[in-house]
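What follows is a set of notes on a single structure, which appears directly below.
Chain nomenclature is as follows: A, B and C, assigned in order of appearance, with residue numbering initiated at 1 for each chain independently.
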Amino acid sequence: MSALVLLVVLEHAGLAVFAASGALAAVRARLDVFGVVVLGLTTALGGGIIRDVLLGVHPPTTLRGWPYLVVPTATALIVFAFHPQVARLRRAVLLADAIGLGLFTVSGTATALAHGAPGYTACLIGMTTGIGGGALRDLLLREIPLVLRREIYALASLAGAVIVWLGHQLHWPAVPVTVAGAALVVAVRLIALWRRWNAPVARGLGDLSGGSQNRE
Amino acid sequence: MSALVLLVVLEHAGLAVFAASGALAAVRARLDVFGVVVLGLTTALGGGIIRDVLLGVHPPTTLRGWPYLVVPTATALIVFAFHPQVARLRRAVLLADAIGLGLFTVSGTATALAHGAPGYTACLIGMTTGIGGGALRDLLLREIPLVLRREIYALASLAGAVIVWLGHQLHWPAVPVTVAGAALVVAVRLIALWRRWNAPVARGLGDLSGGSQNRE
Amino acid sequence: MSALVLLVVLEHAGLAVFAASGALAAVRARLDVFGVVVLGLTTALGGGIIRDVLLGVHPPTTLRGWPYLVVPTATALIVFAFHPQVARLRRAVLLADAIGLGLFTVSGTATALAHGAPGYTACLIGMTTGIGGGALRDLLLREIPLVLRREIYALASLAGAVIVWLGHQLHWPAVPVTVAGAALVVAVRLIALWRRWNAPVARGLGDLSGGSQNRE
């Protein structure tokens, strides 16, 4: 399988899972079927559009062909029809988000490298691609994006991006490297969620709600 | 009237109504005169800037000439001075938003087609142009964007974009087609609001507030 | 010191203070160390990325070299370790934000002029650069951006941008002009905060909370 084909496959798999995460979050927020589809599309296409805007690809790839729209829309409709029990919605969102983070991180990094971006830039753009869609989803639902939350998130994405970049540098075969990178991201992210890996919070903090009131 | 002149006219009309919707929402959120002008400007210019970024037009058209700034600023100031009674503010926002959605959808689609984008891409960019400004306005005021809410929104925009694209394909005269497209968007959107057309919500949903707490 | 060197110096100083404002706001919102670093980075790099996207610089400058990442990350970590007392956090955020607004406004305007943008466009892009990072920070923390709040903000940025543009027009020496522009922004902004300069709010407004409920 050529690297290009691989990218397309990875990207569409990412479109599906990110669309699922967006749709599940929308169902959870009690949006109607249109809102579920729109949020599924935004979550799925957001990262890739940000990537193309940063790389100067005009118009963005994901706005060019039917499949980029059909896959997320179908996924969102399926989620709307057969979403899991409410109690499991949050877990389902986090799982789909983790897989999407992995797939978009590696496809974003590989795409940036294919466009001739230096490795350092490619890793940052890959992370932005992976994190962007989910951040957009959370912003639209007025939640603090996962990337700012407790569990390891950006680091997981960084790990996958570095793997892809290393493979590119050392001319390793693209397919296993890319798959390994995506798998690493998903694994780190899920283990972090499962083991509730938390990073320290600054000490000596007053009551937040009080602080919020001042902020308003 | 040439298609180019038409685009300019439509765009400035859209700037005015979207600025009005942003200014009204800002007044409603008790922002001061500066906030009202800034939000009016952001709502008015946001969609077009997103459109130009997606099309690769640098710098964005709306950052190039005085009128693009004068029209929304004047509109916002007029709204600030003579805004309707508070009770009618929400209705006024929705009305201005619907007209802006129509005008920016068709001007965005026509602009994309004029830049040689394929019809499919042009429709998506037109919808993004129409939806973008209002979404930015709602995000900045920490509201869930209208496009994710109950009533038909994205579909109305899609209808207008398709009309413009069809007219372009069949070489119909630009002016009536564009006006018809915008009118269709506004009509669908207002009827949806008026008749409270709602799409189904997924069943078996638990209490949202409880869900929100988990999410925080 | 050449104008180019000056731009780099100003930009990195801006990166540091904006990163500090983002990190302080993140500490205040009880985010963990990862969230603090990510928000510091987003606040610091956001404005410049928006500027480069508007100018068509691909990939954005701030994604190209280590320093752009090291300076904000180090600043965020230092803030996380030695942040001031909670009671002073809000004041610290506002102070760092004001300095960052000044530095990014002038560097953004100068960069746009260096890219051949007309003065009018350069001023708008400079303001967007200065306001963008902080707006992103507030959006991610679900706060209404400072630029929409009570005290003079966009006008302070505009003043600095105009100074830089005038200096460019009249061929004044770049260094003093740019420094003066940044100082003017910071001065206006801090005086506005200190004297609580407020602009009028539209009269005849009902109770906001009631309005909010309708909006939900």
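Note that in this section a residue touches a chain if its C-beta (ideal position, glycine included) is under 8 Å from a C-beta of that chain, and two chains touch if they have at least 3 such contacts.
Going by UniProt, the chains are A, B, C = Putative membrane protein YeiH.
Here the structure is a predicted model, which is why all the values come from computation and not from measurement.
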Interface sides of chain A and chain C: same vs different residues, half threshold: different
Rotation angle (°) superposing Cα atoms of chain A on chain B, nearest 5: 120
Geometric centre distance via CA averages, chain C-chain A, whole Å: 27
Chain A residues counted as touching two or more neighbouring chains: 53, 56, 139, 142-144
List of chain A residues in touch with chain C within their complex: 53-56, 112, 117-118, 120-121, 124-125, 135, 139, 142-145, 147-150, 152-155, 198-202, 204-206, 208, 211, 214-215
Interface residues, chain C side, partner chain A - complex: 26-36, 38-39, 49, 53, 56, 58-60, 63-66, 69, 80, 83, 85-87, 89-90, 139-143
